[in-house]
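You will see two complexes here that share chain A, one where it goes with chain B and one where it goes with chain C.
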Partner chain A sequence: MSVCPSCGKENPPDAEFCQYCNQPLETPGKPPRLLSQIQGLIPAEPVITSGRLRDSDSQLAAGLAVSSGVVSEKGGRSEPETAVAITGAVVDDITEGQVEGAEEPAFKPTPPPPSPTVVSAPAPTGGRNALAIIASIFIGVILFGSIGNLLAPATPSVSTSVKNAYTFIEILSSSSRVLLAWDYDPATQAELELLAQPILQHLQQKQVNTVFMSLRPFGPSVAADAYNLSSRLGAANNMVVASPNPVEFGFIPGETAALRSLTLSPVMASNQPVLSAQASGIRPTETIDAFDLIIEFSSDFASSQQWAEQVSVRTKKPLIVAASGAVAPALLPYEQTGQIRVLLSGYPDALAYESLIGQRGPAYQQASAQTLALLAFLGVLFFAAFRSLFSSSKH
Partner chain B sequence: MVSYLGVFLTSVLTLAIFSRAVRPNRAFRWTSHLLLGLGAGYTAAVVLKQVVLASFSPRELMHPLQFSLILISTFLSLLLALRFSTDARIRAWGLLPLGMMTGVGGALALAGALRGSFLPQLMATSHLEFTERFPVLNVLSIVLATLTSLGVLLYLLPGLDELDAVGKETREKEWMVWFLYGWRLWGYWALMLALGALLASTAGARLTLLVGRVQYLLGVWF
Partner chain C sequence: MNRLPTLTAVVLAFASGILVFGNYFWNSPLLGSTSQFLLKIVVLVSGVALLMAALNLAIRHVRRFRERDVGSMLLVGGFVVAFLVGVAPGGFQTGVGRWMYHWLLAPGMAAVFALVPIFLAYALYRHLDLHDVGGFLFFVGMVVGILGQMPALAAQFPILTNFRQFFLNAPGAAAFRGIVLGLAVGVVLALLLKVFSIFTGRRSQTQVRETD
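After this line comes the complex of A and B, so read on.
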């Protein structure tokens, strides 16, 4: 536990700020995290009671004791017991199996080199600098990629999933009804809105009736954002946007129970059945089959799983899931079973769908930045792997 | 003017979150606290507006079926509020709606898991055809990967040290040792491939989010 110097309350050992008064817990004399972890491994009692210490090991251990702050706290001079405990344990750890002989019981630690200037531990900047450098690299390549968009492909490759999703929407008529479920939060909006945009644009082109709902409280908000952006993009691209206004069923709490109710009567599952029935033209006695297509935009596995488990087993109407790339692999089994008829995920599918509807939208604008960021990620990954290999081969 | 202020505030807050990459700082902490607080407040407001107050709108109350449903749900809500009572006998009445909620939810989830996940995926496994020539091999590889990774994950298999010890002790059981070695190896490879695929797709998704945010800031300021 670390004690806050400001309010004196105890905090978890790895806390960097006080949980009570928000003051920083790191003081200039506090040892860096790595050395704290090393100290944590050191037992209180000396482990080595016999054995001969080599000079190089003793100097290393003594230096470690100095730099870890234990020695400096004693005024620059090491207390014999402490030094024996620390150096003994460190040598046990470092020179495991290399301690020579077992004859001499006496263990004389080498005193630390006189270094009056060593007062406090060095600032723990190594890991943070690396993180800042990596973050700068990513932001730099994204900024560079955003200029000119030179790497944007003229004709992106279109997967079968995207083609299928396009076909499902293309065969709809103006009298069709589509249920759109917005199951993501503002935190993942930047990714999922890329997928939602071209689909919404396509639905608007077809002048389909849309009803939207959400299993999450933030759903109506992100849906409104997506509809607004879609209308703006449609107007900017001179597309026909005179599609019917979407009907809002809103946030429906209850997850599993809500979806089961939705399959029995979508109107009754909404929070305002009378209003929903009037606006959507769906009777309370109609089931989920009142919709011709169901599309879910999802950022987490659980909600898509609920849709597959509770809804698609009770209807023949196709379910398209446009999911975050992070959860798409986990949803593949449901696509294999046919419960999710089409699974769209991530930036590539958004770019492909944009190309199918003949629009250069937000995904196209990000093409160069995405490519460069991915290359930077691979570069960092390979650099780390090579560095790890190189350092392990040295040892 | 208000929209400019909003844009400015959003940009500053985004930069405050990004500043965590350089070092933990107070701006990051205050912003993350603000985000959490706003999230909780927004959720409460949405529930109040879209769930509670929406149900009590005059148009809904005039419909007899909806009115009876609201009556039942209000009664159950009041029963739930009895959980705050200090009297144990009164508090017990609050278990009724609680039990109903968890019971219905649990039953639906269990039925959904069986009917919507377990059975369809079991059936789908028997129809897997990744290669047209050897569909049986595909099914076998999936079954093998499932069993071996389960063996590793559930710690059913002995550790490598134990296997080494057994191998040295008895010559008769050597085939069993090799079998267990192979099991462990397959299990680890299956897990590594699965987790590697998940990591790769997660990294791609997070990069998309980063690009979106940075380009948003660019669009705002330039």
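After this line comes the complex of A and C, so read on.
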């Protein structure tokens, strides 16, 4: 046990700070660390009042930032992101110049003794310029890629997952019923709509009955957008024959609880049970087995996880999940156990599905821009890697 | 006697949990309807909690609103408009709600999300360190991932896609499965310990510290 020199209370032996008054504990033989230095200088009580710093506090905070070597002394300003990462909102306010009377830090504590364990932040090298250059490169390549479509592959590679998803829809008859869950927001609409629209077109071609629902408040809106886009594209390509309008079950709140209710009675779980029953032809006593196929469009791991864990285990009907590129890798274990029968992900599968239904849609038109943007990202990645190899900072 | 309310709550929670849990193993209509009723209550309680949180947020920002804080004014104004539109018939599907969704919410959210790759690239430029094992693995994973999903390259060299898929299927999925299973077991154990400590009256280390 180590005793706090400030309040006299006992603390665990490995504690660096007192659990009662937040003061640093003296541990002989232990080298000082940057975190210890910073936290030791910050008082136990918060120093920010109404979002602004008092003069004395700002000087203290400026001093600790200078002493830690994070903030340069010239003008009391530095790279905001570096400062924020280490000293939080206190230094943030200083770097933004919001503090009255804190142009030059008056309080400058003695610099700490050098130690091999001190973590030094990398020196800023034109950070803002780099951000502007990276943003310009991305915008430039995307615009250039949008002008022509020279890099679009004539025959995109089609994965087994895409072929399986295509087959599951292809074998449906016009009396089949498909449940589509729209679990994404406008933020990821650009990515998932690419994947949703060829699947929707395929369903429309097969003239199956579709039911829309969502675990997210914006689900009905993104579903309406995707459906309208699909109908427009289909009409432009003379591909869509008259298919029944989708029945809207709406936003069903409650995630796990909502899906458990849905498995027991989809109609009763919907927003308006009577209308839903009349429009879909599903009786309130019917379970999730009333559907022949379930397709979820997801940008959220938790939603897809709930579909796999709450719904898929209670029905033999196949579950297809079309997920964003960031979410799909996390769902692979569920595909391997068969809880998710087919897992589609992001842009490559959208391009492949378009080729299977014989359409050159939005995914095909974006192929060059996608390729160039990824190349640009790869370029930045390699530049950063070489820069790090030849830099002096080593851990 | 003063522990009676706590014990009642624990017994009720335990009974509800067992009923819902049992419905996973026995497909009886009684268990089904009971667990559905319980789940509806969960949704209602969550809804009330959300309303309380929104009310708390509104009260705090209304105070700042009075101090002429521009950010709070915008937040409170946006909150009131979005709430009214949301509870109006049709919600965000018709009229003003549809307009708000199409011209404010969707473009705003999409624009913010579109900045993510730029900031990610910038963060890599600033902080990628190949001397660090984690940094090196991150670099390799990103290269394999990007090369394997580049439309033009994937069509010409399917091996890149296959290699990416192997990376995701084998080490990636294994690591993630470990995380999911570990988390699930940890949560169940933590809950059981909590319930056990309430039943036996033993206090956890945190409770002891808080009391002291």
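Here is the rule we go by: the second predicted complex is superposed on the first by the 266 of 395 C-alpha atoms of A that agree within 3 Å, B and C clash if a C-alpha of one lies under 4 Å from a C-alpha of the other, contacts with A are read in each partner's own complex, and residues count from 1 in each chain.
The rule is short, and it goes like this: a residue touches a chain if its C-beta (ideal position, glycine included) is under 8 Å from a C-beta of that chain, and two chains touch if they have at least 3 such contacts.
Just so it is clear, the model here is predicted, and its values are computed rather than measured.
A.B. asks: Let me test your reading of the model: by the given contact rule, A:8 touches which partner, first (chain B), second (chain C), both or neither?
C.D. replies: In the superposition, A:8 contacts neither chain B nor chain C.
A.B. asks: If you stack the two complexes on chain A, which partner ends up touching A:220: first (chain B), second (chain C), both, or neither?
C.D. replies: Both: A:220 reaches chain B and chain C.
A.B. asks: Just to be sure I read the superposition right, which of the two partners does A:272 touch: chain B = first, chain C = second, or both, or neither?
C.D. replies: After superposing on A, A:272 lies in contact with chain B but is clear of chain C.
A.B. asks: Counting only touches as set out at the top, which of chain B and chain C does A:244 meet: first, second, both, neither?
C.D. replies: A:244: touches no partner chain.
A.B. asks: With both complexes superposed on chain A, which partner does A:157 reach: first (chain B), second (chain C), both or neither?
C.D. replies: Second partner only.
A.B. asks: Going by the contact rule set out at the top, does A:385 touch chain B (first), chain C (second), both, or neither?
C.D. replies: second
A.B. asks: Pick one for A:19: touches chain B only (first), chain C only (second), both, or neither.
C.D. replies: In the superposed model, A:19 contacts chain C only, not chain B.
A.B. asks: Considering only touches as defined above, state whether A:358 meets chain B (first), chain C (second), both or neither.
C.D. replies: neither
A.B. asks: State which residues of chain A lie in both footprints, the one left by chain B and the one left by chain C.
C.D. replies: 131, 134-135, 138, 188, 190, 217-218, 220-221, 253-254, 256-257, 260, 313, 325, 328-330, 333, 336, 346-347, 370, 373-374, 377
A.B. asks: State the interface residues of chain C toward chain A in the complex, per the touch definition above.
C.D. replies: Chain C residues touching chain A: 20, 24, 32-33, 35-36, 39-40, 42-43, 46-47, 92-93, 98, 101, 105-107, 109-110, 112-114, 117-119, 121-122, 124-132, 135, 139, 142-143, 146-147, 149-156, 158, 161, 165, 168-169, 172-173, 176-177, 180, 209.
A.B. asks: Can you check the complex and tell me which residues of chain A touch chain C?
C.D. replies: Answer in residue numbers: 19, 81, 122, 127, 130-131, 134-135, 138, 151-157, 159, 185-190, 217-218, 220-221, 224, 253-254, 256-258, 260-261, 264-265, 268, 313, 325, 328-330, 332-333, 336, 346-348, 351, 367-368, 370-371, 373-375, 377-378, 380-381, 383-385, 387-389, 393-395.
A.B. asks: Within their complex, state which residues of chain B touch chain A.
C.D. replies: 18, 21-24, 26, 29, 39, 42-43, 46-47, 50-51, 54-55, 57, 59-60, 62-63, 65-66, 104-105, 108-109, 112-113, 115-117, 120-121, 123-124, 128, 194, 197-198, 201-216, 218
A.B. asks: Which bits of chain A are touching chain B when the two form their complex?
C.D. replies: 16-17, 22, 24, 128, 131-132, 134-135, 138-139, 142-143, 145-146, 188, 190-191, 193-194, 217-218, 220-221, 250-251, 253-257, 260, 271-275, 284, 305-306, 308-310, 312-313, 324-326, 328-330, 333-334, 336-339, 345-347, 365-366, 369-370, 373-374, 377
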